[in-house]
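Same chain, two partners: chain A is paired with chain B first, then with chain C.
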Partner chain A sequence: MIAHKLNLDSGTIARVPGVAIVLGVLCVFFGVTSPGFTTPANIANILTQSTILLLLALPMTVIIMTEGLDLSAGAVLTFASIVLAITVVTTGSAALGLLAALTAGLGFGLANGLLIAVFDIPPFITTLGTLGIAQGLSLVVTDGQSVVGIPRSIEMFYSGTAAGIPLPVIIGALAYAATHVLLYHTRFGTYVFALGGNREALKVAGISVRGMLIRVYVFGGLMAGFAALLMTARLNSAHPTAGIGMEFDAIAAVAVGGTSFERGNGWLLGTLLGVIAVGVLRNGLNLLAVPSSAQVGCIGALVIIALFIDGLRGER
Partner chain B sequence: MNTVTDKAVRSRRALSGDVMQVFYRLLAVALLCAILATLSDVFLSANNILNVLRQTALLFLMASGLTLVILTAGLDLSVGANIALSACLAASVMKATGSPLLGVATGIGCGAMVGLANGVLVTALRIPSFIATYGMMWMLTGATYYYMAGDTIHGFPPAFRQLGSGYLLGVPTPVYVMLLFLLIGVLFAQRTIWGQQIYAIGANPVAAHLSGVPVERRLVLVYTVSGAMAGLASLIILARINSAQGDIGEDLTLPAIAAVLVGGTSLFGGSGTEVGTLIGALILTLVLNGMNLLQINSSWQPLATGLIILLAVWIDTRTRKIGE
Partner chain C sequence: MTVSPLFELRGISKEFPGVKALDNVSFEIHAGEVHMLVGENGAGKSTLMKILCGAYRADQGSFLQNGEPVTIENATAARKFGIAVIFQDFTLVPYLDIAQNIFLGREFPGRLPGLIDRRRIHAQAKRVLDMIGFDIDPRIPVHKLGVAQQQMVEIAKALSQDARILVMDEPTAALSDRETERLFAMIAGLKKNGVAIIYISHRLSEVFALGDRITVLRDGRKIASLLPAESTPDQLVTLMVGRPVDTTYTRPSRPTPGEVVLDVKNLSGPSGFSDINLTVRAGEIVGLSGLVGSGRSEVARAIFGADRVTAGEIRLFGERIGGSVEDSARRGMALIPENRKTQGLALARSVGDNIVLAGLRKLFPSGFFRPGRAMKAARAIIDKLRIATPSPRRPVATLSGGNQQKVVIGKWLNADARFYIFDEPTRGIDVGAKAEIFRLLDGLVHNGAAILMISSEQIEIVHICDRAYVMRSGRIAGELAHHELTEANIVRLGIHQ
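After this line comes the complex of A and B, so read on.
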């Protein structure tokens, strides 16, 4: 059963052109319309800025493959960023700050996982509830104010380079590689495919579906913790509304990348391309001075076009 | 034949179950009132009671359309964002024409169009409702901010303002609007074929389809109604606060969903009532009003609402499991 499910990969590969075409069209369009777009500095900029989104989109792919959803990702990212900032500002230790952010992410991931797996609450409503809780906590802890005074030791995670490559790009590449190995080369990954594709088979095989689901959401929470490090470093502060709505971009990237919401059919490389497509779209629209409020509409349109192409191809 | 008897049995069971549900919830209302009356001197003041009624009316109007959506096992996360766009468009039309009627038509029309778009996304593109309406929420938010560009529109005709801040026989106008739509909602859901078809779709979409229910058309209908009710709610807010801003609908979606779920409508579709939603709206308003009266920082409100949603759904899942 599981092997059969994995064979569906040949079906997902047929989607390669879909994402690639979207990305190609976007690049050509912005390359022609905005002169600054193709400069090496801007391309490095797109990749750097896309990393935070990638860190959310990778676990989102895994979660959506289990027929789940994480609407709390942006709010958890925000909360973890605030926890990180407060810890770093009070203790001065970047390591403690990262640890605190990861703990916050882990806590929310665990809460999501337990509510979904043990209490049987549907994922979208669970994470809608924890979204409210994370957002509320962020506001309560900061009283609506920014946390400032972030030391250089945090800032360099975003602005630093190693061997000429921006650090965020390296972190993003590592996260992608780790998720790839996890999804395609471990038993965990095989079970993830089965969770979305054939949950009954997994049960019959004696695998704990609950344990798997909890791990999937904990993975999401931890990645939000890492993303919080990059976001805090990028903004050089933490703000209770900084990450709100980031989950929309992440879900959009996953959808554009060809992961299906209904059949547990996921494709990690598609998500990477989807993240870059969203990043290119935002960057290009910025260069064209389109306000960020209108950018959301463009991303939504991108998703609808992608899903429409899916529908036309009879993928559903 | 089977479906007919099943339906009869189900509706009889549902009836006694509904009565108990309403009873437990009224008990919760009484308990909340007792607690708040003890903790706060202001709670029982005429002013605060009118305030609670007005808030409940607003929350119910948002939640009543949403109830129909949730009855079909769907969800509409775009309610708050829809309110923002509808309010802003209605405000600018009223400002430009000076006509309250055109303003009302714009608000409800915009809401309904958004709802229709949700319905099309859910049925024609087969996008799961919580994802379609979630995407819609962000697109509407973006559109509203883009349209308003940080501006505020304020000062509307007195006739229009009656809708939100007027009184009739000492009772706020929104309460009458609420009662009117409660009546319409109950009659529609319980006494019309379309209403019964909506319950059938929620209980078992395949069975509903096989017994000849035009599932897709009814789904488009419920999303459109939900959107239109959001449009109506936006007008009441507009008339009450007398100004429109891009962030007007923020923090409204979670309470609306919470009101429906606390009111006993199952997230899994097929069971729930508009009366339950009214009581749910009252409970939620009492909680949020109580937090205000006890001077708890309003930052705690999304947190409390989130917890209430989780609790309500958990009780729902537990009840269903015991039922099986």
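After this line comes the complex of A and C, so read on.
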């Protein structure tokens, strides 16, 4: 409707997703206004900084496709980071630390999944509750203080490079590839589409809706646990408020990427572009010295603009 | 023949709260046979099929396969017996492609554990689609398909399971003539291969063209099992509707109807109806009948302004109205929707809150809510309609179906509506409450209101209405004046001959 009023050519415009347009406009805008934006070092920086968000946004896409939501992602990330830091500091073993972080993530993912699938508590309420629990645990365990003394073996996961490429970028690429295979080339992924699109179809096909839902949230918890490795490495410490608000960025990135909150309509590549768009926006605003408090508002505007463009396409 | 049937259901009974859906029904199916299952809406056909495919469990009764007793606990068990169902309400996933939908839950494993072989799924799907003559790329996501194409995917899905017993629930409802022909050719092929087919249909021509045997259900009971060659369409209609007259409610005489309240001319809309003409006068109840899916509810929603209209006009009290629900409600129109739980009531809110909802503008012109005044208005309605609730503060969800329906009606009474559309006002309500609802409708028209009533139960239309329109495939198939208003006439107009 609006597309007609604006006299847009639906043949060409209609096929470009909102997220690509938004990302393009952002890159051009920051490229012109801040000279440091287009340097290779800054681009590598954007991608590196986007990795933690990507690790949360990938499972968030899957969860939202099932008409669910995970508000606990940021708090679980924080808690896993603290568990990791404490384990590493006491045992000195990076492997044990990662294992502990994954276990913490798995625990919260399993709790979310069981509460949602078995006890039928709405995802919004369930994960709001586990958000509070994870955040509270983090504060209690650390007494509000940072955990420091992270060894170099952890820190290099964020600062290291392989063949000149930052390690986080490689990890992010691998995580994206793995989630892509999971979503588009496995039974699990096929059933994710059905969980959001038509649960009756799954039941008739003899697939356990509960079992699949639990797996979806376990996947989310595990990814948050893994993201804790990168966050701890980045900060070179674990802090009980470090992950606050990360779920907002993750949900925003998924929404910007064009994944719908209904009918199992998801797009993983869109989420990747959405994550980069959020990263570009934050980076560009930093270069323009916009305070981080105002950046949150800009991300909110980004979501609305991207969905508005999708709306012009008549997709929603 | 002394051959034992391929599959047999014996003495199946199933009760839902307040309704005996199936009462001691036996049904058998032989290999290579098309067994037609006919009956009115609500006769129990779909319930019987859901029991056969394991979606529901029977309260009583047994199953026999080749004469041996077996049990069907769930859908997986039914599939083991080679039972596949083409459901009327689609079981398709919108954002998976055609091939993935056909093989949902039966994906071919890929080279690595956990992976699926998408290429093989697509190749196999193509094969199945070719088999039914459906020329389409299996990579197209299902949400891009039209209803007819989705129906074809649903058929392909059932056929791909190598079913020995295939249940089709009104498979041609959404198909064009050409697709229907193709489906019939398919069915002939399947018969030759020894597949048993149970075919539910409302179209008498299909019943006689395809059927090897016909079973008639009525009110959850098996009425007759007959051979097409030994019966006629008229006989079948009589068997479907010929029940004893329901005497729970008799219509009092009504005064001659007054001015035209609703005048609909050449109304067409994208939700599946075209060229609708109808009038309703003050002081009369007009029926809108036809099969489920014939477009009755869509017409009602369009008149109320809830759905878009592409052509035609709607006049209320002589004035043209323009398709918004706010406008319709302000002018005194009320729609009491089919599904009161999702469309008519805020279930968790109290009886009182629900009653005053539609009349808020009139009760509180200043915009400020005054609980005392709301409670008084609610109490008045509760007394007037004799709604059985201990207090206006009780959540609506705790009331019985009949009382919930009264709350919906009360909501609009409070808003001073003068034209009412009732969509299935007695669905899920027991007999006693039905009579009360009818008395209410009568009271409304006595006070000069006009009513358009949709019902799938012809008997209700016959008893309550002054005249009726019958819809078929999105059009008005005919109008029945009061002296022509019989169940048989309604069924004849509503069914594809």
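Note that the second predicted complex is superposed on the first by the 298 of 316 C-alpha atoms of A that agree within 3 Å, B and C clash if a C-alpha of one lies under 4 Å from a C-alpha of the other, contacts with A are read in each partner's own complex, and residues count from 1 in each chain.
Assume a contact is a pair of C-beta atoms (placed from the backbone, for glycine too) under 8 Å apart; a residue touches a chain by one contact, two chains touch by 3 or more.
This one's a predicted model, so the numbers in the text were calculated from it and none came from an experiment.
With chain A as the common reference, the superposed partners chain B and chain C clash.
When the shared chain is aligned, chain C comes close enough to touch A:198, but chain B does not. Of the two partner chains, chain C is the only one that A:186 touches; chain B does not reach it.
Which of chain B and chain C touches more residues of chain A: that partner is B. Contacts of A:261 after superposition: chain B is touched, whereas chain C is not reached. By the touch criterion stated above, A:207 is placed in contact with chain C alone, chain B being left untouched.
Of the two partner chains, chain B is the only one touched by A:291; chain C is not. Residue contacts after overlaying the shared chain place A:120 against chain B, while chain C stays out of touching range.
Stretch 343-351 is the one among 271-279, 343-351 or 415-423 where chain C clashes with chain B after the superposition on chain A. Comparing the two interfaces of chain A, the one with chain B and the one with chain C have no residue in common. Every residue of chain A that touches chain C in the complex is listed here, in rising order: 181, 184-188, 190, 193-194, 196-198, 200-207, 263-266.
Chain A meets chain B in the complex at residues 69, 71, 115, 119-122, 124-126, 128-133, 135-137, 139-140, 143-144, 245, 248, 251-252, 255, 261-262, 291-297, 299-301, 303-304, 307-308, 311, 316.
Only residues 75, 77, 121, 125-128, 130-131, 134-136, 138-139, 141-146, 149, 254, 257, 267, 297, 299-307, 309-310, 313-314, 317, 321 of chain B touch chain A when the two sit together in their complex.
For chain C in complex with chain A, the residues that touch the partner chain are 55, 74-76, 79, 85, 87, 89-96, 100-101, 104-107, 110, 114-116, 118, 143.
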